[in-house]
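These notes open a run of structures that come right after.
Paired with chain B in one complex and with chain C in the other, chain A is shared by the two complexes that follow.
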Partner chain A sequence: MANDREVLREIWDGKLPICFQLAQEEIMEIQQPDPFYVMVPRLSYFPLVTDKMKRHFLRFISQENADNEMWLDYNGQPLKWHYPIGFLYDLYCGIDPQLPWTLTVHFTKFPEDVLLHCPNKDVVEAHYMSTVKEADVLKHRGQVMSTMQKKDHNQLWLGLQNDKFDQFWAINRRLMESHGDNEGFKHIPIRIYSDDGSCFQRLVSPKNVDGSRKVLQQMIAELYPDKINIKLRTHGITLPLDTPLQWLSEHMSYPDNFLHLCVC
Partner chain B sequence: MADDKQTEDSSTASEIKSDGDKENSDPGKSDKVKIDILLKATGNAPIMKKKKWAVDAEKPIGWIMEFVKKYLKLEPDEKLFLYVNQTFAPSPDQLVKNLYECFGTDGKLVLHYCKSQAWG
Partner chain C sequence: MDQNSTLSVEDFVVAATSFYEISNRLADGWKLIKDENETYKTYIKKHTFLQVERDGVQSLLKTELVIFFNLSYGVPAFSFNIWNSSGVLLTLEEIRHMSFVTLNQKEFYSVITQQEHPIFLRPYFIVHPCHTAELLSALRQGSKNIIVTFLGLITPLLKLDLSMEYGL
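Presenting the complex of A and B:
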């Protein structure tokens, strides 16, 4: 179980300054809208933090587009709302950090082939809970999530949505416990992304065949046998290669209980 | 669509082809990695006459959802949910390959489908 509580708190408190700008071709007023600046939690999702921004821009666009689904891009790259915000920043800006992160807001030309639709926050919640369940299948054969009550699931989601660390971790700590005789999870919930956004997910054990704890370097050697010098980044940090995977999973996972790592 | 002649318990999987997908008849392009998936109905969903299909490993889950909807002749506004391990609904942009690597058993990936949320 996680006991480096300061680390959990640091990760939770991670924030990004964002500058939202309305796409030029959508501005229907003579007066240009001011950009909208906001600090957002790295662990959150865009649909949870963009209500005010959306209202700010609505009066500058053609009213026939006001009910359209809003979407965001960075440098022409549409941003997937179902990935955590901090992960998206690491993926597209990790090598060349840019603050504030300037994003373009759109109300037309929704990129159907790239983005999933997000009509409301319930869709975000469903996606989030499903990912937590998948992670629990990998860690504990799904036994922790299935023995929790509905109110526990709600508390997890509300803790994340309302940025309440204690509320969230009161439940999440149970998902971070190891079961059985062995210290450690059955498998580590982990997704590794290339800079083109493609996702690579494999079964990764927290232990080596000889029972010793597996560190990041050993996992990289298994997953990428023919590549050298691969580094992985998450939460704005390039991870030390001697970090044990079990510790990494307990402390550096996103609230969806997955490690989201970017190849760099 | 691929042929329907085989029976349900057939051990060989037919390939899912998109409408107008001619590339599988081109021998030069038939070397794509395929993954066997088994589609099982649950709840109120109609069963599929043919359950076992071979799918391009690089396809996203959303593509399989569209295929099942078409196969079952669902209305465009009808919903379809797909589940892995009867536990979680993978994201439509997750790749079949990733799920097979993590949750495949006996050389295939089992997917349950239904028309209403079954496992939350």
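Presenting the complex of A and C:
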């Protein structure tokens, strides 16, 4: 069970200051637009927090591009909207923090070979719900999500979208429970990324073969047998190597119920 | 979903290899790409061209079909991309209107979505794996090759040319 409420709250409240700038080649006015500053929740997704910013820049671009799909880049790297904002920051700026995080806004040349299309927020919701479902398949063979009602699914999404901690956790706690007599999930929903863009997926058990609880160090030794001194970062912190995986999954997962860790 | 309904990575690789051997005999173009380090990244793929007609205009589309292993669900998964003759990716809405799609609008959007491909980390259209496990577990007993059986579930939705000699 996710019992350490202070930790959950601390992670939920994590925010990042962002400075959005319109790409130079998009500016059609003589007057340069001011950059747009905003504090955004680390756990949110860009399409949920960029409506105002988009309206701010719309009057500076060519009107024929106004209905185009907007996209963002950091240092020339298109940002995948379907990952949580805090994860993207840790991936690209974790080693060399820069605040505010300065991102470039585009309305043309959508890089369709890199980014998923996101015509509206329903697409974000569908993506989010299917990721939670996948995590539940790993943890409980999908049994918790399939026994929840549609209104519970909605509450989870609305809690995240409207930044309502209590609303979200009233439902999410059920996804963080262990079932049966064995204390722990079947598998830990986890994705490990390197900043070269590669991603690592494995079926990871929260327990060692002898039944003892597995800690981060032991998982690293299994996944990277030939590398030592690998550190993993999430929510802006480097994780202590003696953290039990089960605790990590219950408390440090993103709202999509996956641990998104960056190699550093 | 029950433990018995899921497939191990090793089962998938065995099935993919034998599927590839049948394809070779039939010379119908499926390729097997193995990843020795990351077994779950093994997949089979095929490139084809589709001749389509819309409003009396003929056009040629390039398609890429990829069958890979969904590690979380423990099932084979089907993904594809389609490009027009200018090399632009077709949108989900454009694909829905293609004559080879036999799903109605509501089914289509709940079954096929654009997602980041877990192996290529690029956008692909992926058929949602949610019901695959249940269906496959029911069919697995009588199945000679689980990928052939799996394609038997997909082909009514997307009319792909699959030779009868695979034993469908």
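Remarks
Throughout what follows, the second predicted complex is superposed on the first by the 264 of 264 C-alpha atoms of A that agree within 3 Å, B and C clash if a C-alpha of one lies under 4 Å from a C-alpha of the other, contacts with A are read in each partner's own complex, and residues count from 1 in each chain.
As a working rule, contacts are C-beta pairs under 8 Å (C-beta built on N, C-alpha and C of every residue); 3 or more make two chains touch, one makes a residue touch a chain.
All values derive from a computational prediction rather than experimental measurement.
After superposition on chain A, the partners chain B and chain C collide with one another. In the superposed pair of complexes, A:Met129 makes contact with chain B only, with no contact to chain C. Within the superposed three-chain model, A:Asp166 lies out of touch with both chain B and chain C [touch as defined at top].
In the superposition on chain A, A:Glu112 makes contact with chain C only, not with chain B. Legend: residue contacts after superposition of the two complexes on their common chain; A:Lys80 is shown touching both chain B and chain C.
In the superposed model, A:Asp196 makes contact with neither chain B nor chain C. In the three-chain superposition model, chain A touches both chain B and chain C at residues 80, 82, 116, 126-127, 130, 133-134, 137-138, 142, 199, 201-203. The residues of chain B lying in touch with chain A in their complex are 62, 84-85, 87-95, 98-99, 101-103, 117, 119-120.
Interface residues of chain A facing chain B in the complex, by the touch rule stated above, are 80, 82, 116, 126-127, 129-131, 133-134, 137-138, 142, 145-146, 153, 187, 199-203.
Considering their complex, residues 1-3, 40, 71-73, 88-89, 91-92, 113-116, 118, 121-123, 128, 130 of chain C touch chain A.
Of all residues in chain A, only 80, 82, 112-117, 126-127, 130, 133-134, 137-138, 141-143, 189, 197-199, 201-203 touch chain C in the complex they form.
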